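Below are two complexes that have chain A in common, paired first with chain B and then with chain C.
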Partner chain A sequence: MRLAVCVKHAVDESELRADGSGRPILQGAAAKVSTFDKNAVEEALRAKSKSGGEVVIVCVGPPEAKKTIREALAMGADRAIHVVSDPAGRDSLATSYLLSKALAKAGPFDVVLCSEGSSDTYECQVPPMLGEWLSLPYVGYASKIEVQGAGAKIEQSLEDSSQTLEVPLPFVAAVVSEINEPRYPTLIQIMQASKKPMEELAAQQLMGADAPQSAGTVVDTRVQSMNRKRVVIEGAPEESAQKLLDALKSEGVIGS
Partner chain B sequence: MTLSVWAYSESDGVANEMASAAVELSKSVSGSATVVEVDQAREGVSSAGHKLVLKSAVRLGESPELTAEAMFRAAKAANPSVVLVGATRRGRETASRLAVKMKVGCLSEVFRLSVSAEQLRGERNTYAGKFLSTVACKLPCVATVKTGVSPRLADNTGAVEVLEVGDLVPRVKLVGKTGKKTGTVDLKSAKVIVSAGRGVKKKEDLVMIEDLARSLGGVLGCSRPLSSDLGWLPEEHHIGLTGIEVRPNLYLAVGISGQLQHIAGIKDSKIIAAINTDKDAPIFQAADYGIVGDLYQVVPAIKRLLPPR
Partner chain C sequence: MNLYGRDQKLMVESLYPDRAVEYGEVLSALGRFMQEKILPLSPAFDTHADSIGRARSELLKNGLLQIAHPKEYGGLGLPFSVYNLAIEMLGAADASIALSVGIGNTVAEGIRMFGTESQKRRFLTRLISGEILGAFSLTEPSSGSDAKAAKTRARREGDEYVLNGSKMFITNAGEADLYFVFAIAEKGPACFLVEKEARGLSIGEDLAKMGMRGSRTSEVRFLDCRVPAANLVGEEGKGFDYVKAMLNGSRIVMGSICVGIAQIAYEKALVYSKQRTAFGRSISEFQLTREKIADMKTRVTAGRLMCQYASMLRDAGVDFSSEASQAKVFATEMSVGVCDDAIQIFGGYGYTTDDVHRHWRDARLLTIGEGTSEVLRMLIASRELARSL
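Coming up: the complex of A and B.
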């Protein structure tokens, strides 16, 4: 089976700081493989271990995204395609287009996996857009994927229900992070990752006549103020329990 | 040209939210609003003055792919300037596919929308809710709209137009559906939520936390590790970025360290309180009241002070 996994070189949101005006300092910000993408890589590796084949990592990102790609390769993927493109000003429509072109060039694939959304901006649009660009069936929020012959049975986790869906190969799916526990690469795997094949493509090479213009823009981004009282209650358990209840009653959020 | 705004959601409640958002947007520019439905006009869904029902020989409602194609076919003739789709799990596919078909931009999970002759603007949470972005997209465009923010329009008057969109072939087959036991936990509308995190040492101890929740007239939630890694609670208890976003009057976090992804799901709560042994836990930065202490002592102490239920 030929499996592709799309990964994002995502800003490490826990490390992201604001400047004096409250705007995020994106220049030189720490970045890593988008947290939930590891679940997509893991799922592809498990499918490969059952049916054989190869796992190809596809990433649209700046030159520094090689770090992210190596993280995914270290987990056990076979090779990678890196579409070199600066994320500034690139919306999900353009990103998904580039991914679809890279997948078409490196494919065909039986299964294309993504995660439900990226851990930094969490727009959740690239995976279904990819399905549309590739004219493939798409299943989002997959909590279980079983490939059987020429199709797959997928459990989909929705807000108020779960659905069992049958889909023919090839297809695109996005997994929820509950689907599995991603493996940690060993030191040897990390060292071997840098020797695995990584093909580099320039974004311009992939732009066809149907290439969309980025239409969505980020006008401004500011840190969210967390106007919380931050009252620290200390003391013996009985005493602090009483203080907390008194405070919550005076706030009117619990009955007196 | 007057601006027309379409509203769609496969969920009745969210469809009414989209309807009110569409009415508000269209009013601001003297445009028109249309609620789009598939298969049939649902009785509980408002019309915003004009309802457009898309029909085919196959059922469209279960398939975001077919719904998007039907909307695309209808849009070719009607040329909507803005298409608002509720940011549900299925709505995201409908909107994303429609945007690619129309070759237009798509804003994601926006709220506080405004529109001009040139563009749609909105705000959205980003970087696990640590930052707020103002985003814009030139018209025409599609947008998924954050759920639970807009009021639900209740006005089912106005013209209903039915449009046959032609043949469509489903590729994804629905073979089974199981409702989650939503009756047991309704976190979205809960006034009080007591949530358990990694500080709870074993599954059996959750009884103590749930007991406290009940005594406070609330329900039990949890952070991701408990539902995902440990599997102590079903996924519908999971509060956070990839789980449920809640906004109760009181959110009491018990033994939760306060990862960004968890805070993203609780930040709209009226009052946040926390119990944690680690005084440097990030949850205290996001809380109004914090008890630095052992939950195994503090929780029973609170319980003793509350009247029995």
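Coming up: the complex of A and C.
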């Protein structure tokens, strides 16, 4: 089975700082594999261990994204395709287009996996757009994937329910983070990752007549400040416990 | 905090400009592993609410001890100073695990430097892959830094040695699979590899400690303990030279653990100083707090540089015994001082909160273990005086 996993070179949100006006400082910000993409890589590796084949990492990102790609390769993927592209001005539509062209060039693939959203912007737009560009069935919120013969049974984790779908190969799926626990590559795997094949493609090489115009422009990004309620519960222990319980119920933190 | 933060990254980039990407990826991945799998559990290790065994095992299987060992034995063949930075990060994540694996690596180092090829294949490969854990057994109930006064004896009987005596304050005792034991044989000091199944080996109770509570410390006793003659390390009579060489590397590691402890105590205090207000403003705006912050940071940086300098001398193959002792004396005492300042910045919360004062309690061990500050100062002075003649 040939599996592809789309991986984003994402800003490390744990290291992100905002300036005095509340705008995130992206210049020189640390980057990494988008956290949830590791779930997609893990799922592909598990599928490969059952059915054989290869796992190919595909990433659209700047030259520095090679580090991110090596992180995914270290987990156990076989090879990678790096579409070199400056993220400035590139929206989800353009990213999904470039991914689709890279996948078409390197394919065909039986399964294309993404995560439901990236850990930095979490726009959740690339996976469904990718399905559309590739004219393949798309299944989002996948919490379990079982490839069986020429198709797959996929459980979708929805807000208040789940449903199981059957889809033919090939397909695009976006996994939720609950689907698995990604493995940590060993230090030997990290060092060996730099020796795995990584094909480099310039974004311009992939642009065809159907290349999309930007669907929108991000004009500003600000952090959202959240004010804590600072509720102080006073009184005897039993009385306080009851007040705390009531407060948690009224906030919807626990069921009534 | 990010364990592989700006300070560590700049250190790698300045020391190894040609290999910074490769070493950086190894350390960055290790830092993330420690941050996600060890750091959150560290308070529970201190209160015995959880045991370090599982996290330590996962860390070792991830390859921490492979870093600086030769490829032919399953290592990565990277510089000792890269391993040393990893140990610093581990000291910040959890000092008890850092102590435990640091000691485990001292045993591996002893076998690498002085063991037979068969011992390297049988034990070194498994020590660095995390399959087995080592315990360094030198100190005795009545002798510590004065190792030559050891009373444990080894008597040759046919194809075996028979060991009698006891070792005290042994890190990893009871958990280790292999004990590297210093004893006096017929021709003088000698070292032996004693497997945990050896007849006549017994372990005392886990000793209660003020810090490093996640690591196990006990007495190890030998009563007619029979060890195959093939488990003699090197030659009889050279045991004291072997442990001196092992301790030189280990002292840098203990210094680096303390740099990590100081780093996390400093970072916690820094964040708190911005949050805590007094007289209508953050205490970080007061000049006396700022003096502490400046001094803490400066001392942590100095400790890191001294440990890295000693590591680089070791990597270069030159005599580094004085520099290793200097690094340990400075970094361990620096760490106690920085953790003390952190408690002061936290005020009453520092004195009453385990997660603040445990760093001081952890650091406090290491001005004693692996050579007290007093003995190391004697060694440094002797070495420097001899050089000046």
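One rule holds in what follows: the second predicted complex is superposed on the first by the 228 of 256 C-alpha atoms of A that agree within 3 Å, B and C clash if a C-alpha of one lies under 4 Å from a C-alpha of the other, contacts with A are read in each partner's own complex, and residues count from 1 in each chain.
Keep in mind that, in the parts below, a residue touches a chain if its C-beta (ideal position, glycine included) is under 8 Å from a C-beta of that chain, and two chains touch if they have at least 3 such contacts.
This structure is a prediction, so every number in the text was calculated from the model and none was measured.
Taking chain A as the reference chain, the count of touched residues is higher for B when chain B and chain C are set side by side. Look at A:I190: by the touch rule set out above, it reaches chain C but stays clear of chain B. Applying the stated contact rule after C-alpha superposition, one finds that A:E71 touches chain C and leaves chain B untouched. Within the superposed three-chain model, A:S14 lies in touch with chain B and with chain C [touch as defined at top]. Of the two partner chains, chain B is the only one that A:G216 touches; chain C does not reach it.
In the superposition on chain A, no contact is made by A:V84 with either chain B or chain C. By the touch criterion stated above, A:S240 is placed in contact with chain B alone, chain C being left untouched.
In the three-chain superposition model, chain A touches both chain B and chain C at residues 14. By the touch criterion given at the top, residues 11, 13-14, 16, 18, 24, 36, 91-93, 96, 116-117, 119-125, 127-129, 131-133, 137-141, 153, 157-168, 176-178, 181, 210, 212, 214-224, 226, 228-234, 237-238, 240-242, 244-245, 247-248, 251-255 of chain A touch chain B in their complex.
Residues 14-15, 30, 67, 70-71, 74, 184-188, 190-191, 193-194 of chain A are the ones touching chain C in the complex. Those residues of chain C that touch chain A in the complex are listed here as 2, 21-22, 25-26, 29-30, 33, 37, 61-64, 66-67, 76.
Put simply, chain B touches chain A in their complex at residues 11, 64-65, 68, 88-90, 92-93, 95-97, 99-101, 103-109, 121, 125-138, 141, 144, 171-180, 182, 191-192, 216-217, 224, 227-229, 235, 241-242, 249-250, 259-261, 267, 270-273, 279, 284-294, 297-298, 300-302, 304-306.
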